[in-house]
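I have a structure I would like to understand better, so I am pasting it below and will then ask my questions one at a time.
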């Protein structure tokens, strides 16, 4: 009565896609020897999206479930981005070293 | 509860058709269903933030010690990690099918699928335990007894701290999931779920898939790169 | 300092003090204005519109977009001015190195402040500095987080374990001032205090002359004592790279990356030599983690720095 | 809200949530949100008293500059336990868990919260967390400061860090589950006709609070777990000796703990919105702006944590970003203050106890807010960070703000919760005492702070004694101001005059049902067909 019933075929298709992604990501790492952050994370993102949309029925569910997904991603990004902001920009400071030729910035 | 509460229930409880699955304070099954679903989604938001703290720490130390992390990832067992990923995805599939079975009222399939999910979940934990013991034998448990034959011991240790914290937290979630699943199995065998009332199956599914998603990220972060 | 009167402002003894006091007064004016505005409005309304009977009729006022925008945007524009002003002064204290700054090296430790001057003197829970001379504090902690705080200078900065932090200030007034630890650091936190003596240049020089050998001389002694000298030969033929002129130069690492040999890098290379190994050299140097105190590290770095200064000077 | 109005006559004779069973079991196993609210009220009062005792010890010690009443270690334990108890076990649950728990289902026209059993579980989690706190208090205490900064907490401290962090961790789950319950209830259980634009501002404030509880609390939970692991097993996360970064702990800690101050203040703002409009007998000014500013505070609150770390070794550039956003977060708070003031304009104002507290709140929160702007200014923070200026600032917000709002709301809804009227004169006396005592306690601390008195100091230079003595005297007045309500409110439960359904002629669903409310709140399903805060003439006329 309440929710959308996903046909078995869809589940199996998604499962197949997830398997292919897993094999791909391991293959890239083991056989091509590529240690790429971007590739590994991109594949993980694809897998997560498939699970969220189909296994967790977000594609067919109430706007609030979608909002929950968006909110959690958004606030996770706030955490990660603002924390990295500190670490990335720490080295931007004019180098505070004792014997440096003094920069005249005044 | 005293007599009074039953009286009150009695007087007001019949305002609607008194569906046995609908708790007293809900107006109807739809409201209860949507509340349960939203509740689980909100809980998952908190779970994302919970793991988010560790992902934040991971991001910081990974940029600080890129080389040490590279050395350390050679100590992780990629084939086992990959196998475990497959196991967990299978369990997600069976969980999804369990939800579908409950939606369609397929009692037997529901019980089977829950059992299969539990089975694969347990396999995952078993493999994890094996990996842990492997690390133990190599002395890769962080702490005063940590052993690292190679470069950058102190920095490598940080990766192992994160490895154990993240996979450990994930494993704790799996164990909790199996606990919930046991309860689900018992109630399912009693025939509690039907196309009219399958919310517990569905929200357990949401939780299980979430745990799967966490692993989908942990696997590349801790094993592959 | 020991007067029993109740001063409402702390003494003003650095180039930052008047700037921070001025900013403070400006914000105080803003704050007092708004606080009094609200206090007065609330009081006047409570009296003027007090309930006369239970059947009072009140008008229906929904709100006003113009008012809402006005009282949110106007104060915001005002405080943005404070933002710009405050950020400028902050950068002056933390990030912009003044010309010809005199070095002060601070080591925090539960529960004392140790200070080294490059010329030699060392002191505990005291700080002697000449008036009118720009100072650069390079600070590190041996255990927990501390914070070096001199209220009369209107300046503090946390002193972290494992990492140098710096700040800049110029004392402008001769006198004795409080020195505090501002970050809670354990049982005797409130005992981790001391006195800052700002002296006339001549008095300061007299005081410095009373100290013993310079930091770099002490560093040289440690350099020998820890055996650094056996590998880091000045002609570059040793098992380790020559350190002559290395300070602040760009060093090529294994893998081709360049790194600037500043004191953070030198400190890391002593404590964790395998992290960034110089190109063409082998990673054979042992770690000195836990063997050399933070003070000693500062001295060794001072020695390495002195190798650069003496134009091609070889020992 | 008219539909409910007919119902209080038809309530079953004399049975309400309080008389519905008297056994201990009927209380400890209740799933009635109103009873759980009472359980919370009793427990947070105990913790408030406990935190107050620690505060008294701190203030007494500071009477003399030498630090002679207790040794430094004891003093450090006192202020740490004051902070831990007040923040984790009083301020965070205070309004949401008591008033919020009691009122939100009623205000949205529901019989209970969406998950009554989880609500009970929240209370038990809170109690378990509290037990850890009590265990620490009797077994030797904790002396890291409530902020648990590493590596002091994870390596150097010799006190019960793990037990305390465990208590905060468990209490955190109580907070998360309460927030979750509120959001689901507000989304899914509103009565027909109760649109978002008709929700009381109290509910809006709690919606915003709950968002923070959900999004922030888990981060501090995991941070405390990592800190405990580091302490227990010497595995490195934050200690530089183990390769970690202590500043990372501060980032993760303040990611929650800055928004947490909004968890503490937003519900208070919700209370003030209700009280000001009721006692001005006038619809609230700028409803949408007040509601929107709650959400704005909740969201912006997650972008500003770095302003606790200007001097901490954080990148100066990151500090600039955090400072700018901190200035921006002042705007929604200011909007609320101006709107409350405007609500009073041309109202029909009665300054009874709740209104007295509310007016105190508006004044003191303004001071707390503008001094917050000073601290957000990076250059001033160079001087003011970790001094008594900060101590005074956050006490103006937390005590002058939240505690006054809590007292205001408690008095306002006391007749609804207990069915009894408290003695008005005593209410006013204690409100005035609290206001005066508070200012005497904390205003001198602004001066001390600007003069450079660092916080968490057991002994201090002699020249500051005068101000410290003033502060301690003020604190004793303040204490009296809090003891009085405990006495007369308790007295009123037994001997007070019975309250009518709506003693203050207030608007809102909760005033349409009997005092105290029946077990399932509304004898018949509620339909709302009236605008919110219909106090004013035209609105009432439109209904006739």
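Chains here go by letter, A, B, C and D, matching the order in which they are written, and residues are numbered from 1 within each.
Simple rule for what comes next: contacts are C-beta pairs under 8 Å (C-beta built on N, C-alpha and C of every residue); 3 or more make two chains touch, one makes a residue touch a chain.
Worth saying up front: this structure is predicted, and the values here are computed from it rather than measured.
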item	value
Pair sharing more residue contacts (C-beta pairs) when C-D is set against A-B	C-D
Most central chain, judged by mean C-alpha position against the global CA mean	D
Distance-maximising chain from chain C - centres being C-alpha averages	B
Gap in Å, rounded to a whole number, between the CA centres of chain D and chain C	36
CA centroid of chain A to CA centroid of chain B, Å	18
Whole-Å gap separating chain B and chain D, where each centre is the average of the chain's CA atoms	33
Chain B and chain C, separation of their C-alpha mean positions in angstrom	46
Set of chain B residues in contact with two or more other chains	34, 38, 42, 45, 49, 52-53, 56, 60, 64, 154-155
Where chain A touches two or more other chains, by residue	64, 71, 75, 79, 83, 87, 93
Contacts with two or more other chains, residues of chain C listed in rising order	94-95, 165
Parts of chain D lying in touch with chain A, wherever the complex brings them together	187, 215, 219, 247-248, 251-252, 255, 302-303, 305-306, 314-318, 321-322
Chain B residues touching chain D - in the complex, by the definition given at the top	1-2, 4-5, 7-8, 11-12, 15, 23-27, 31, 34-35, 38-39, 42-43, 45-47, 49-54, 56-57, 60-61, 64-65, 142-144, 154-155, 157-158, 160-162, 164-165, 169
Parts of chain A lying in touch with chain B, wherever the complex brings them together	1-3, 5-6, 8, 11-12, 15, 18-19, 22, 25-26, 29-30, 35-37, 40-41, 43-44, 47-48, 51-52, 54-57, 61-62, 64-65, 68-69, 71-73, 75-76, 79-80, 83-84, 87
Residues of chain A that touch chain D when the two form their complex	64, 71, 75, 78-79, 82-83, 85-90, 92-93
Contacting residues of chain D [partner chain C, same complex]	67, 72-73, 76, 143-145, 149, 151-152, 155-157, 240-241, 245-247, 280-283, 285-289, 310-313, 316, 319-320, 323-324, 327-328, 330-332, 334-335, 337-339, 341-342, 344-351, 359, 362-363, 366-367, 370-371, 373-374, 376-383, 385-387, 447, 450-452, 454-463, 466-467, 505, 535-539
